[in-house]
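Order of writing sets the chain letters: A, B, C and D. Residues in each chain are counted from 1.
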Amino acid sequence: MRTLPLGRDRTAVLVPMLVGVMVFLAVLAAAGALALGNVLEDWSRDVSGSLTAQVPPVPGLGEAARMATDERVAQAAAVLRAQPGVASVRVLSEDELMALVEPWIGAGELVRDLPLPRLLDITLEPGAAARTNPGPMADVLRDAVPGATLDEHRLWLGRLMDLGEALGALGLAVVLVVSGATAVAVVHATRADLAAYRPVIEVLHMIGAQDGYIARQFAINALFQGLKGGLGGFMLALPTLAGVGLLADRVEAGLVPRISLSVVDWAILAALPLGAASLAMLTARVTVLRTLARMP
Amino acid sequence: MSHDSAARAGLDDPDANMVVRFDHVGLRYDLGPEVFRDIGFALPKGSFHFLTGGSGAGKSSVLGLCYLALRPTRGTIRLFGHDVTQLPRQVLPRLRRRMGVVFQDFRLIDHLSALDNVALPLRVAGAPETDIRRHVPELLAWVGLADHLDAKPPTLSGGQKQRVAIARAVINRPDLLLADEPTGNVDDRIAMRLLHLFEELNKMGTTVLIATHNEQLVQRFPYERLHLQAGRLTRHRGGGGASERAGVRPATDAPATPPRQP
Amino acid sequence: MRTLPLGRDRTAVLVPMLVGVMVFLAVLAAAGALALGNVLEDWSRDVSGSLTAQVPPVPGLGEAARMATDERVAQAAAVLRAQPGVASVRVLSEDELMALVEPWIGAGELVRDLPLPRLLDITLEPGAAARTNPGPMADVLRDAVPGATLDEHRLWLGRLMDLGEALGALGLAVVLVVSGATAVAVVHATRADLAAYRPVIEVLHMIGAQDGYIARQFAINALFQGLKGGLGGFMLALPTLAGVGLLADRVEAGLVPRISLSVVDWAILAALPLGAASLAMLTARVTVLRTLARMP
Amino acid sequence: MSHDSAARAGLDDPDANMVVRFDHVGLRYDLGPEVFRDIGFALPKGSFHFLTGGSGAGKSSVLGLCYLALRPTRGTIRLFGHDVTQLPRQVLPRLRRRMGVVFQDFRLIDHLSALDNVALPLRVAGAPETDIRRHVPELLAWVGLADHLDAKPPTLSGGQKQRVAIARAVINRPDLLLADEPTGNVDDRIAMRLLHLFEELNKMGTTVLIATHNEQLVQRFPYERLHLQAGRLTRHRGGGGASERAGVRPATDAPATPPRQP
């Protein structure tokens, strides 16, 4: 039974406020992290398990030039095979090359004599496909074989994913720090709030109330205050998320898939106000019990 | 607790009949000087004592030791036969429920109405709400606050607050009543009435200890007086014969005899 | 003269705490926004004022194919000229094309007969250079002339800048909301803190102190508390920023220039704790004066 | 304020000589019943009055009206010749500095030492620190607190707190002293000593109004008594002749005469 009208006066604004701010923050941050994770997953699905490398031919039309080119191609293949995450490297045959250029420049003897750039098809290991960063591979290749390049689209996508991941990690780090700091603030606010009730705690104690009885009343009060603030913060975060979604839609749709959250993601977000309320409750309980422990 | 009148016997009986017993008790706050160094006394079951002494002599401190708000820096204190320094913390609430305390500064809960303040000890002890609703208004009426049941302490006058504090202390008919300056903010008529209430409780077996400056009051009643001075405690025979109960009249709108409490 | 020992007891923890959290948050957010701004500026400097479009030749070697190709090129040039931000479009002559491919496939009559893809040099308007998004332009071009493409590097860079800008706007929006919410929390904490001092305010009032005298003492106290918390939060933010910088360094260096802040940026960051402290001070002053105004 | 002894003249003089003047004053709190409906009295310069009445009669309320914590719901109150309802807010602090108030619940500032609490009115009025350091300890010694200059109120006994509150009220030698139950927590000896202090102030021109329940005290002094009952105010001639100053002795370690204040 609640015998005290806790949380009915002015001081009772602070804890809900703070829990609200904290949940607001945490929901935004968590939603951001989860959405970014989804985006990255989408991107990595776009990335096929293969890369293409291009080796420019050694200028000249003679057999010597062709031999030199072949040597370069073999060298590029060797370098690429040594890269981590590479399963196999296949050099496209002249016929395959011809088939590729035919729509552009037609077929015929003339074309066959052209010193076309040679292509290498790189198959990545299944697990590594999404994770391999073609950037360093491109550098190594260029160093080994002057003029050799890796497929640009795939290169940029890899860099983008790196950036996205760094941003995600960074966001998560900031979120952890900020949530931690705000949690500390909630703890302090709850304790400051309780300080106003210290005379009440003393009276109850002197009247012969058990520690548990006193702590329970304050804990229940803190829980309700926390829930009030937490749900408020959560509700405030929803329109903000919607606004962020609108902003994200303005970004080229092909690059950034629609920001979306799964049911599990939403469950994680909904757990945040509950967690914050529990934090307030626990703080109240511990603080009251500690205060009481110091009384004889 | 039995209402055994034999329990009022000798003050020198060292045994379980003693509700409070101080032996060589000394107290010092933090780094200050000792408030007292070696005081000893015992309150037998059903006794009635005044505790007097100048301002700052240590009356409130003695009461604080009795209601377990303070721990002695030396000596032993026995309450209801238990050595309080030996008792585990969890047992103390049970001891405290057997006591009623009127604090010098009242210590009412500002957010609760007079009625809820007085009901608090009953609620804490888990008394049924029906009992509470019957007895609390009755007692408040008896101390002259029938019109202020729902008033919050900040809207009460000094004397009204003091009477709420007294009602809270006696509502659960404690075995030991400790009252610190319980008549400092009321006029003589109400003071007499309140002492009459204490006497009624005492007749039903409650041991009473009242700290007071009110010389007149002390002299009007026949009870023994414990006097604190310069850190020493002395005993004095009581004042002017039987309680002048004829002079006690109810406050406005209140019945003439104290209500039976739960 | 300060006659009251305000801020020496327990309740005095809350305001510094909260101001600290707020400043911490704001510094991180502002640093992020400023650094992102710098990165985008660097990128836009990389982007030259021109783009290159490629039109594949109509297959075949005859004069008809060449004519068809010229037509396509003209069409592409017309479409591109109609795009916003485009200053001029120049079709590269065959000689120029030959010069470009010479390092790759040599020169000679044989090469001159090859159906090489045609290039168009697009010059952007001076102001529009950094801002033009080649994405939509590429789409329009592809729709008008099948197979025609825009320079890929430039395309990706444009998309990245779009993403970066959206992220920056998003970050700024979140920061504004969060800072606002935390500012409200600071206001509330300051007021809750002052609630504990209400009896003191009443006594001073009754003793004949002027409203200004009372308000000044509380305002000065709040200012110091705010400064304490604000500088604390600022100091805490510095290692976090350093950590974020390390994380960012792991991202491909060529893509994301070293995150760096100018002196002006640092001055903006340093202004944050001062602003928060001022907020606490102002709140204290207004709250005390309002409390006093309600007293006769 | 001049120490003009002619100022002690007639209570019926309707003029500027009146330090406090109530005319047809009524007061009600919020939606409650009227505490009083139509009371009128006037305190001439340099007069000394007791204010008596049962608990809850409205003594503290009358004092609250005098020190401008309450506004009357009807009637007019004049302080130092000014109609208080007509005065702009900024002027009130100046009026308040001419008064000293002893609150029934003391209202000391818990964070400040006894010394700083008493010094507060001087600091607020901008008195030089050297004066403060000379006069405050002197006054505290005189009320028997020489050993507690640096004690914070929570570590003081009830009577000690009350004496700090009294010292704070008189430190700046106010023109009007309002004391609410100033002897409720001290014994008779100290009570007499404190009243002696008030008399000394009064002799130097201070108008004194003391709300009290202490019948004995009222009867020992020759001053007029204002009595509140059932919302009406009646006047009574003072009690037993001259102040029994012979019986007043200093508290421990304190000089025998009140100190000269700044």
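Convention: a contact is a pair of C-beta atoms (placed from the backbone, for glycine too) under 8 Å apart; a residue touches a chain by one contact, two chains touch by 3 or more.
Only a predicted model underlies this, so the values are computations on that prediction, with no experimental measurement involved.
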Chain labels contacting chain B and also chain C: A, D
Averaged-CA centre spacing for the pair chain D and chain B, given as whole angstrom: 31
Distance from the mean Cα position of chain D to that of chain C, given in whole angstrom: 66
Averaged-CA centre spacing for the pair chain D and chain A, given as whole angstrom: 70
Multi-partner residues of chain A (at least 2 other chains): none
Two or more partner chains touched - positions in chain B: none
Pairwise touch network: line, ring, star, complete, or other: ring
Chains that touch, pairwise: A-B, A-C, B-D, C-D
Chain C - residues contacting chain A, complex: 10-11, 13-14, 17-18, 20-21, 24-25, 28, 56-57, 59-61, 103-106, 110, 113-117, 133, 135, 152-153, 156, 159-160, 162-163, 166-167, 169-170, 173-174, 177-178, 181-182, 184-185, 188-189, 191-193, 195-196, 236, 240, 243-244, 247-248, 250-252, 255-256
In the complex with chain C, residue positions of chain D that touch it: 67-71, 89-90, 92-97, 99, 101, 107-109, 111-112, 116, 119-121, 123-125, 168
Sites on chain C touched by chain D in the complex: 1, 3-6, 8-9, 199-200, 202-211, 213, 293, 295-296
Parts of chain B lying in touch with chain D, wherever the complex brings them together: 29, 32, 54-56, 59-60, 104-105, 144, 155-160, 162-163, 180-181, 184-190, 213, 215-216
